[in-house]
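All chains are identified by letter, namely A, B, C and D, in their written order; residue positions are counted from 1 within each chain.
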């Protein structure tokens, strides 16, 4: 089986250039590629366009890339919880393209699946529809939306094998599987990397064909945004 | 006038056995606390979970298990996990029976505005546009008027729209109202102690009042 | 958790009427709903439109429904291996709509996911494109294809729970998950039915929200079309 | 003239390390037997498997594990299973590097016909139209001529098309040919003992012959 292993995050992101399009898995701070974000901070690059459902918080996740002014544009569905983001946006340093969450998920899925366009009802009658083709099917109105693809996608999984097969945990799965497929080069960081053959083929969420580089991450903080407990 | 908890409690009465339900952030989240224990329903979290359980005890907190509001949660027996594309496939495909969400404005033809205030920082629509465009039954939990006394039930929304002709029912602090298929807010119930006149005066859009309007009851 | 259990195949298919649209999972004879096919044979119905990648063989699978003249139309990608099918087709008793396999899978997926139409390159320049909208995206031509949805879908899984969650085995998964989501009523027969909570939520292939009825099947034959062994 | 096994053996030389490959039914399936053991490649079965292993021994036969030709198969360490929509997402999305399939006719601009003969029973295109419309690199394994001696390498296909301008290379029993981007079959190699003249005479479409044409070699 093809071996996709690289040594670490630094090696995995070593060739990501300035001004490229980058997808990053995660919902809030759950399931984000912490190791690769740290490694990107060490690279002398800027002008990135990042596709990610959220934009992290001020001092964690994508917020760290924003603080270093590495990001030119965010393509997201929800970008609250980030003061630096707001400052850069209001000052015009940062562009943002806001997309309904389900449309974002489906556009990324379409990118990986070779579907250049599809129709969705989300956003009909709203400013999201501006400039888009509107079409009626079976008496209901839909917008045409285009696929999203990226030069690189960076995902975080729970377990992975050397062939690039991935298994996610809990709601940390979120956008990761679609982004894995929509990146020309997909980098996967995993909490536990095993030999090909150790994962049950029936339980794999992302088949290795979508993953070009994989490594076992270290020191996961897994920060919680809203620790809510019952007593 | 109803408290937020009472709005949630009244909405909980709308829930039917066997439903799959998506609860928005804010008052809608509170609805979960009041759904009858006699009903089997499943709560969906749009970030990838069917079967939301109660918040975890301190020792069960798992950063890999959060809801759409990024709060730590638990699962219930029979839960299922999935990715975001599958989650919105469920929503868009009409598999979720009931969506309960907050609103800043609702128009008399069922338009809803709840994602953007011009001039203020735009945080994004998250999953709201997908939900309102796709759900079979949308119930809105909201305050009848803004803090400065302006009605939020309007002839037309003034804020940017989240979705058109989608709201079926509104539970406000003053009343329960349904959207008429021909346009207009049909007054169905009054909050305890609130008069029809007060509701009428605080509803800027067309209000339809027929016969005696009963007071809400809470079991 | 909502309990979707019904007693058996007979109860599960009891209200399937004549002239309805029916989806059936399976690829070849692998992963087909054997119990429900048997139960359908006992029902006095006809004029069915069946969406299934294949049409079974003469004396097994959908071939049995064909033999009883219960089928008006097949929507499939490949219908060889069936002499009775061929006879009915040539005599005009049976209609067939042949669809590229990937387009079929995606149309069914779109049906379940609320996507009324999408674009695919499969079939451009062929007779499959007849009457369809052709459109260029990024220099390549694509056909617009519509969703497929059904009144009932019948799927076969390996394990299931009372909440309708399904896990498939091996390549018997195939079209089953998409069809589960695309049927107004989805009936799932499973080899092993367990209580809600006994399946790992992280390993479920079809979430229970898509399944309206579930039962534990009996006496699976699992016939093999091409037994091929190495020595 | 090459045997079917030799055609498969010659095609196996086209396989590169690290490729994901879809093999059609017939001669293409035989290619798996000749891929160098030094190469790490993964075979895709479009009914939902990456990592096709050898046929099972009698005691390992599993009806829930078949290939696209409905033959019983095995998996290899690192295999992954998935549904049919995901399988064709891989194909359509360009993730499969190489597709090898049979053909009834190929035209000089790379059109392929391999699914339907008018007047004969139509069995369906299966996954062939998706594969030819999406694959980055398509190699065709075929006989150069039909049983009654008609060339199957034509100016234009006469049979119903499976896909347009998609074939990159042909390995027939007589020759290896590439499709020129400007149209035409570029003769690259001759089967052992077959003359350029014979190939030219049996190729109905435009054939491009430049310089000395080497005989095929098999390691």
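The working rule: a contact is a pair of C-beta atoms (placed from the backbone, for glycine too) under 8 Å apart; a residue touches a chain by one contact, two chains touch by 3 or more.
Chain-to-protein mapping (UniProt): A, C = 3-oxoacid CoA-transferase subunit A; B, D = 3-oxoacid CoA-transferase subunit B.
Owing to the predicted nature of the structure, the values given are computational and were not obtained by experimental measurement.
Engineer: Quick one: which chains contact chain A and chain B both?
Structural biologist: Expected: C.
Engineer: Going by the touch criterion at the top, tell me which pair is linked by more C-beta contacts: A-D or C-D.
Structural biologist: Ranking A-D and C-D by C-beta contacts puts C-D first.
Engineer: In angstrom, rounded to a whole number, how far apart do the mean CA points of chain A and chain D lie?
Structural biologist: The mean C-alpha positions of chain A and chain D differ by 36 Å.
Engineer: Could you tell me the distance, in whole angstrom, between the mean C-alpha positions of chain C and chain D?
Structural biologist: 29
Engineer: With chain centres defined as C-alpha means, what is the inter-centre distance between chain B and chain D in Å?
Structural biologist: Each chain's C-alpha centroid was found; their separation is 56 Å.
Engineer: Measure off the straight-line distance from the CA centroid of chain A to the CA centroid of chain C, and report it in whole Å.
Structural biologist: Inter-chain centre distance comes to 33 Å.
Engineer: What positions in chain B touch 2 or more of the other chains?
Structural biologist: In chain B, 49, 81-82, 85, 88-89, 91-92, 134 touch at least two other chains.
Engineer: Using the touch definition from the top, which residues of chain A touch two or more other chains?
Structural biologist: 106, 109, 113-115, 120-121, 168-170, 202
Engineer: All pairs of touching chains, please: list them by chain label.
Structural biologist: Once each pair is checked, the touching ones are A-B, A-C, A-D, B-C, C-D.
Engineer: Residue numbers of chain C touching chain B in their complex, please.
Structural biologist: 1-3, 109, 111-115, 161-163, 165, 181, 195-197, 201-202, 204, 207-210
Engineer: In their shared complex, at which residues does chain C touch chain D?
Structural biologist: 27-31, 53, 76-80, 86, 89-90, 96, 98, 100-106, 108-109, 120-128, 158, 168-178, 205, 222-231
Engineer: Of all residues in chain D, which touch chain A in the complex?
Structural biologist: Contact set of chain D toward chain A: 18, 20, 40-42, 44, 49-51, 75-82, 85-86, 88-96, 134.
Engineer: Can you list the chain B residues touching chain A in their complex?
Structural biologist: 45-49, 54-58, 61-67, 69-73, 81-85, 87-89, 91-92, 111, 121-130, 133-134, 160-164
Engineer: Which residues, counting only chain A, touch chain C once they are in their complex?
Structural biologist: 106, 110, 113-121, 135, 137-138, 140, 142, 146, 167-170, 202-203
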